[in-house]
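Below, chain A partners chain B and then partners chain C, in two separate complexes.
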Partner chain A sequence: MSLTLSVDTARSSLQATSEQISVVSRNIARVNDSDATRKTATIVSGPGVGVSIPLIGRTSNQLLFNAYLTANSSSQAQTSITSALDQLQNTVDDTDAEHSPAALMAKLSASLQTYSGDPQNSAVAASVVSAAKDLSNALNSASAAVTQVRQQADSDIATSVSNINSLLSQFQTLNNQVIKGTSNGSDITDVLDARDAVLKQLSNEVGIRTVTRDNGDMAIYTDSGVTLFDKSPRQVTFQQTANLAAGATGAAVYADGVPIAGTPHIMEIQSGKLAGLVSVRDDIAVTYQSQLDAMAGGLINAFAETDQSPTPTLPAAAGLFTYSGGPALPPSDTLVPGLASSIKVNANVDPAQGGDATLIRDGGISNPGNPAYTYNTSNGASFTGRIQDLISSLGATQTFDASTQLPTSSSLSDYAKNSVSWLEALRQSAGAEADYRSTVAQRAASSLSQTTGVNLDEEMTNLLDLERTFQASSRLINTVNDMLTTLLQSFS
Partner chain B sequence: MITPTFISTASLSSETKASIARIQQRLVDAQTELSTGRYADVGLTLGAQTGVSVSLRQDMDQIQSIKDTNSIVLTRMQGSQAALNTLATTSQAFLNALTPAQSSGSIKDTLVQQAQASMQSLQDQLNTSLDGQYLFAGINSDVKPMDDFYGDPPSDGAQAIKNAFVAKFGMSPDDPNVSSISASDMQDFLNNEFSNLFSDANWSANWSAASDKPVNSRISRTETADTSVTANDNTFRQLTQAFTMISGLGFQNLNSATQQVVMQQATQLVSNGIGSLTKVQSFLGVTQQRVSDSNDQIDTQIDFLNKSIDGLESVDTAAVTTKISDLSTALEAAYAVTNRLSNLSIMDYLTS
Partner chain C sequence: MGLYGLMTTSISGMSVQSDRMGTVADNIANVNTTGYKEASAEFATLVAEGHVASYVPGSVSTIARRAITHQGDLTYTSSPTDLAISGNGFFMVQSPSGTPYLTRAGSFVSTNGELVNAAGFTLLGYDLLNGGSSSVINSAAGLVPVGTASLGLKATPSTSGTFQVNLPSDAAVSTSLPSANVAGADYSGLTSVVTYDNLGHKVTLDVYSAKTADNQWEISVYNHDGAASGGASNFPYAAGSLLTTQNLVFDGTTGKMTSPSPATLSVSIPNGATLSFDMSKTTQLAGDYTPASVTANGNGPSAVDRLEISDEGIVTAVYADGSRVDAFKIPLATVASPDNLTAISGNVFATNKDSGDLQLGTANTGSLGKVVSSALEKSSVDLASELTTMVEAQRSYTANSKVFQTGTELLDVLVNLVR
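Our next item is the complex of A and B:
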C-alpha cells in the first residue's frame, strides 16, 4: 500500500505548502507596517505520514525591542523640551531683530541719551516714553508667552495621561488574548504584534519596563518602578490647572496612587513625553519666568524716584515704570512672581494717557502733585541731571534673587543679556541632546525593523520555492494516479 | 529563514526617506545662511555666547546715541563760539575807540553811539538761539536770557541804572545839568552804586533770565561735561557794565574830567572783559575738543563692535557655497539611490 502512502504524503505537502503560502501572503500584505514582524511557518516531518505545520513562528528580538522602548522614551522627553525652548526663544528672537528685553533696554538707554542731548524737546521725551513702552510690552508679552508654554505643557500632560490610560486598556484586551492563545496553542503572532505596537506607543508617553511571564502575560512598570499594568491596568490620574500664571504650580501626575511626575518624589519618571512636559512646566519655564520677573523688578527700581527734600521723609516710589502694586517699590533682591506681566509705563508720564513726558527730565512721575519728588527744582528746560542719573542707574550694579540661576550681582542690562545666554545655551544643549537621542532612537528602530521586519524579495523567492514544492507534490499525485490507472487497466 | 545579513523592506525605504529629509533641512539652513551672511539660527549656534552678541549690540546702541547727541552738542558749542567771536570783535573795536577818545575830544560823541551799538550786539549775541534753544541761557534754555536794553518800556536793567543815578545825583541822566557832577562823585558812584547793579543777585534780578547752571551733557560712556556758557558769566557782566557806563549815564553832557573818569573805568572793564572772554572761549574750545575726541573714539569702537558682531555671527560665504554644492550632490545621489532601490525589485525578474 506504499502508493497510497505516497499520495497521502503528497497531499500533506500540498496542505503544508498552502499554509506556508498563506503566511507569505500575510507577510507581504504587511510589508510596509513597521509594527509587523516576519512570520514563519516551520515544517515538521511527522513519524507517521507526511509533513505538518504545528505552529506559526514570529521573529522577535526582545533585547532590541527593549532598547527601542528606552531610546524612544528618552528621545520623546527631549523633543518636548526642545520644542518648548523654541517657543520661549521667540521672546528673544534673532539678535539682529533686537526684540529681546535686553535689546530694548539698550534702546531705552539710547533714547534717554538722545533726550539728554535735547532735553527741551518734548517730542524726544515722548520717544523715551515709547521706548519704555516697547520694553514693558516686551516683558508683558514674554511673560504671557511663558505662561502660554506652561499652559500648553499642562494640557499636553492631560492629553498624555489620557493616552496612557486608553493604551493601558487596549493593552489589557490584547494581553488577555495572548494568555488565552498561549494556553490553547492558537496562532497569536498578530496579537503579539499588536501588543508590542501598544507598548511602542506607550513608550512615547512614558518610560516603561516590561516583565513577561510564562503564560505570555506581561506586566508594565514605569522606568521608575511604579506599576502601570499587572493583570489589570492601573489608573493614571492628573488634574489640569486652569490658570498657570506666574507663581502658580501645576498638579502632579499619579499612577496607582503614587506621584510619578510634577512633584519631587523618589518614584519620579525619567523619560517619555510626560517627563519632558513636566520638566518644561515646573522647571525651565518657571526659571525663565522668574528671570523676567527679576528684570521687571530691576527696571522699576532703577527708575524709582526718591524724596528730594532737604530732609527726606517720604519713601522711594515707582517712577517711569510701575506695576499693579505701585507706587510702592517691589523688594529689589527677592522675587515678586508676576511682576513681568504687570509692569507698565506710569500713566502720569504717558502722553497717550494724558500724562506729561517731560516728567522724565523733571522727576515727580510717581506723584506729579507732590513737589518732594521733583528733581528739576529750578524748572530748567535743559536740566539733564535726572536723565543722566537714569542712564547711570540702568547701568548700575543691582542685586537679584539667587533662585533665577543667573549671577545675582550685575547691572540690569547685563542681567537681561545673561538671561538670553541662559536660554540659548539651554536650547543649544537641549537641541544637541535631542538630535543625539533621536538618532539613537532611529537606529534602535531600524535595527529592530531590520531584524524582525519583512523583506519583499525574500518572501518572493520563498514563494517560488513553495510554488515548486506545490508543483512537485501535484505531479506526484498525478504520477501515482497514472500508475494506479495503468495497473487497473492491465487487469481488465 | 533568518539569513546572516537581513534587511527589511520597510527599513530600507524609511532609511532613504530619513536621509533625504535630513539633507533637505541642512540645505534650507545653508541657503538662509548664504542669503543673510549670518548663521541660520544665531542663538542655537552660539548658545551661551549669544549674550556676548546681545551685549555688543547694547553697547553699539548706546555709543551710537552718544555720537548722535555729541553732534548736537558740538553744533551748539560751535554756535556759542561764533557768538563769542562776534562779541570779542565788538568789544575790541570799542576798546580801540576808547583809547584815542581819552586824549582827543572830537571822537567822544561817536563813542556813545559805539557803546550803544556794542550793547546791542552783546545782547543779540547772548540771545543767540539754535533750534529754539537759547545757547547762553544755561539750563533755562527755553527762556530768552537778555531783555532788550533799548526796548520800550525800558528793560529792568535800564530802569535800575536810571533809578540808581537819580537816587545818587537827584537828576535823570538825560538832564543837561549832569555836567555839574564832579569826577570824584562819579568815581564814587561807579565804584559803589553802579557796580552793585551788576552783582550776582542784581544781575539775575534785573538783567538775565539765564540759569547759573550750564547745560551738562554725557559725551562718552563715562564722561559728562558742561557744554554751554551762561549769560551770567562775569565776562558778560563786565562788558555790559562798560557799555552801559558810556551809553546810559548821560556821557555826552558830562564835563570832561568826569568823562575821563568814566572812560578810564570803562577801558579797564572792557580790557578785563576781553581777557576773560578769551578764557571762556578756550574753556569751550577744550570741551569741543573733548567731544570730538570722544566721537573719534566712538567711531573706532563702533568699527570694533561691528567686527566683533560679524566675527560671532557671520558665516564664511565661501564655505557655505561649498556646503550647498556638497549637499546638492548628496541630495541628487539620495534621489538616484531611492529611484534605483524602488526599481530594484525581484518582481521585475520573476516571469510567470
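Our next item is the complex of A and C:
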C-alpha cells in the first residue's frame, strides 16, 4: 500500500509543480503590463496524501490602489484645466505681443497722440481707425477663442460621460464574473486585474470610491457619494449644448438622477477629468469671457459721444466703437455677456466702409447727420479738443463689474494688463498644481506596481526552484517503479 | 480407506488454493476500481470421523471474506460531485430499476439532472427544499434522487439590508425636501440600492437623505421606476413612487443616531417583501456624505450553476448569481456488521440476514464518517501483498498436487502387487 501511496504523493507534487510553473509563465508573459498583478500559487499539504494548490492568489494592496485612484483623478482634473488655460493663453499672449488687447490698446492710445499732434492729416486719422479695428478684432477673436474652449470642454464632457457609461457596463460583466468565480472558487485573478484596470480608467474620468463586499462584489460611488454601480450600472447623462455663446450656460451632468457637476449641482464631484472640464466650461472660461466683455464695454463707453447742444436732450451714443446693440451705450458697470464678440468700429468712421475718419477729430460718429453730437462746431482743421478728450478718457479710471475677479477700479489699459496677468497667474499656478498632482499620481502608480507588479528576477528564481522539485518528484516515481519491477521479477 | 481419503483431501486443498487464487485475481483486476473492497479467502478444516487406531484425513473448505470496513485511500479530483467517505458508512444509491443499495464508490456525475456514479447507480438523499421529506431511520423510504433536476429557477425577494452612511453634520438645511416630490428638490445625499420583488424583478430604491434641522434628518425612499424620464433629474417622481419616509434624530455630541430605536428603515417593496434596512451604524459626523455599506439581499431569477457538498452531506445548490440554497441532505447508511454485506456487481452492497438491518444517519455525527467532496476512495487492494499471496497460493497448490501425485503412485504400487 505504501508504494502506491508514494506514487500518489509524487504525482500530486508533479501536478502542483506544473501548476506553479504555469502561474510563473503567466506572470512572465504579463511582465510589461502595468495592470497585471503578481499571481502566486500557494502549496498546501493535503487533502489526503500529497500536496495541492487550493487557489491561485494575487498580490494586491487595496490601500495603495485606492490612493492611486484618488491621485489619478485629482491629477486628471488639473490636467484638463491646465490644457484649457494653455489654449486660452495662446490666443492672448503677453502684454507686449502684437495681438493682445493690452498691446493694441496702447497702440490705439499712441496713434491718438500722433493724431492730436497732426489733426489735419487724414492719413493719421485713418491709422487711428485701423488701430481701433485691430483692437476690436483682437477682442472678437479672443472672445471666439473662449467660446471655442467652452465648446470643446462641453464636447469633451459628453465624451467623458459616454466613456463612463461604457466603462460601467464593462465593469458589470467583470464584476459578475468575479462574484461567480468567488462563489465557486475558480481562478479569478485575471478578472480581478481586468476589473481594476477598468477602475483605473474610470478614475481618469471621475473621482471614485469603491466598496467591496463579501462575495467579491464591488460597488462604485463618486467621490461625492453618488452611486455609479451597485449590482447594475447607473446611468450618467449629459445633454451637449450645440452653441455655447457667451452668456449661455452648459447643461449639468447627472449621475443616477443627481446633478453631480455643472449648474445646478447637489452632490458635486471633486476630481477627475469631468470635474476639470466643467470647471473650465462654467468657471474659468466664463470669467475670462466676462473680462473681455468688460474691456469691450469700457472701450465703447470711453469713446461715447454726448449731446453737445447747450441744453443736452439726446442720450449719449456709441462713438468710435459700437456693438450689436448700438448706438445706445451698454451699461458702464454691469456686464453685457458677449459684448467682446460683437464690438466693432463704427462704419461711419471707417474709410474702408465709406466712412469719414476725420469724424474722430470732429465728433458725430454715432450720427453724422445730427449736429448735436458734433464737437468741432467751428469745423476747424486743427481742432484737437475732442482728440484730447478721447486720450484722457481712454486713460481715465473706470469702474468694472466685480464678478470679473479683477480690480474693479482701474484704467482701461491697466484692466487689459490685469486680465493678461490674471490668466497667466492662473495658468502658472494650475500648471504647478498639475505637475504636483501628476507627480503624486506617478508615485502612487510606481509604489503600486512595486508592491503588486511582476518582478522578473523573482519569477526566474522561482522557476529554478520549481524545476528542481519536479526533478525530485519524477525521481521518486522512477524509484518506486524499479521496486515494483523487482517484485514482479521474483516470479520468473 | 486411507489412500483415497488422502487424495480427496489433497484435491480439496488444491480447490481452496484455487479459490484463493481467484480472490487474488479479482483483487488485482480491481486494483484501480473506485470503492472496491479487497476479497480474501479464509480456510476451515473439515474433520472426518476417525478413531485412535486409524486416521481418516478430512478436507478443507473456503470461506470468502470481503474487508468491507477497510478504508481505502482517498484520491483527490477536480470534480466537486466526486464523493468519498472518510470513516464508516455508505452512500445510499438506487439501481436503474429503483432498488436501493449501499456503496462507497462515489464517482458521481450529473446525468439528466441526477447524480449517477460510474456503475449507473443514482445517489439518494433527503429533499430539504419542498418541505423536507420524512426521514425513516431504518429504511430507504423518503429518499429521493439527488440532483439539479428538481431545482428550477429561483428568485429570492429582498428582506434585509444595511444602510450605513455618514450624513454630513455641517450640511445646510434642505430648502425643498425630497419627500415633497417637486422638481428642484434639495438633499445632501442620494444612494440607490438594487432590491428584488417576489418575481425577481429588480426594484431600484432611491434613498434620499435631507437635513430638516440641526441633528434631524429625513430619509425618503422612492421607487426609481417612477423617476422623471428624460435622463436628467429624478424629480418629480410619478405618483405613488414614494415608498416611505423616516425621520432620524442624531445626538449632537456623539453623532450617533438616537431615534428611531432600533435604528431600522422598513420599506415595503412593491409586489415584494418588507425590506428592513439596518441603520445602526449610520452617523452624522463632520464629513462628506459617504456611503460605507449600502446593501440588500435577494436575487433575481437564476438557474442552478452547480452543487456543493459539505462534510455533513448537505448538498447546496449554487445559483448562477452566487446565491446558495441547501437542497438535499445525503444520509450515510450503516449496518450492524458491514463486512457481512453481500457484494453485488457495480461496487454496491445489499443487506442480508447476517449484516443486519439498514440504519441511516447524518454524516460526521456519531460513528459515521464524513463526506469528502472532490475525492474518491481508491480500491483497498495492495498490489504487493496480493503478489505475495499469489506466490504463497502457488506453492500451497503445488504441495497439494504433490500429495495427490504421491497418493497415485502409492495406488500404482498397490495395483502392481497383483500382477
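In the analysis below, the second predicted complex is superposed on the first by the 475 of 492 C-alpha atoms of A that agree within 3 Å, B and C clash if a C-alpha of one lies under 4 Å from a C-alpha of the other, contacts with A are read in each partner's own complex, and residues count from 1 in each chain.
Everything that follows uses one rule, which is that a contact is a pair of C-beta atoms (placed from the backbone, for glycine too) under 8 Å apart; a residue touches a chain by one contact, two chains touch by 3 or more.
What you see is a predicted model, and the numbers here were worked out from it, not measured in a lab.
*Asks:* Taking chain A as the common reference for superposition, should the pair chain B and chain C be classed as clashing or as fitting?
*Replies:* Aligned on chain A, chain C fits beside chain B.
*Asks:* Should A:Gln239 be classified as contacting the first partner (chain B), the second (chain C), both, or neither?
*Replies:* second
*Asks:* Quick one: classify A:Gly453 as touching chain B (first), chain C (second), both or neither.
*Replies:* It touches chain B, and chain C stays clear.
*Asks:* Could you say whether A:Ser52 touches chain B, chain C, both of them, or neither, answering first, second, both or neither?
*Replies:* The answer is second: A:Ser52 touches chain C but not chain B.
*Asks:* Looking at chain A, does chain B or chain C touch a larger number of its residues?
*Replies:* B
*Asks:* I'd like to know which partner A:Leu406 touches here: chain B for first, chain C for second, both or neither.
*Replies:* In the superposed model, A:Leu406 contacts neither chain B nor chain C.
*Asks:* One more residue to check, A:Asp230. First (chain B), second (chain C), both or neither?
*Replies:* second
*Asks:* Using the touch definition from the top, say if A:Ser109 reaches chain B (first), chain C (second), both or neither.
*Replies:* In the superposition, A:Ser109 contacts chain B only.
*Asks:* Would you sort A:Ile360 into first (chain B), second (chain C), both or neither based on which partner it touches?
*Replies:* neither
*Asks:* Report, in whole Å, the shortest distance between any C-alpha atom of chain B and any C-alpha atom of chain C after the two complexes are superposed.
*Replies:* Least C-alpha distance: 26 Å.
*Asks:* For chain C, which residues count as touching chain A in their complex?
*Replies:* Residues in contact with chain A: 73-76, 165, 184, 186-194, 202, 204, 206, 224, 227, 231-235, 288-295, 305-306, 318, 320-322, 324, 372, 375, 382-385, 387, 391.
*Asks:* Sort out for me which residues of chain A touch chain B in the complex.
*Replies:* 31-34, 38, 40, 59, 89, 92, 94-96, 98, 100, 102-103, 105-107, 109-111, 113-114, 116-120, 378-385, 388, 391, 413-414, 416-418, 420-425, 427-429, 431, 442, 446, 449-458, 460-462, 464
*Asks:* Which positions of chain A touch chain C when the two form their complex?
*Replies:* Residue positions touching the partner: 1, 3-5, 8, 12, 47-50, 52, 179-180, 182-184, 209, 211, 213, 215, 219, 221, 224-227, 230-232, 234-235, 237, 239, 251-252, 254, 256-259, 264, 266-267, 484, 487-488, 490-491.
*Asks:* Mind pulling up the chain B residues that touch chain A in the complex?
*Replies:* 1-3, 6-11, 13-15, 18, 38, 42-55, 57-59, 61-62, 64-66, 68-70, 72-73, 132-133, 137-143, 211, 213, 215-218, 224, 228, 313, 345-347, 350
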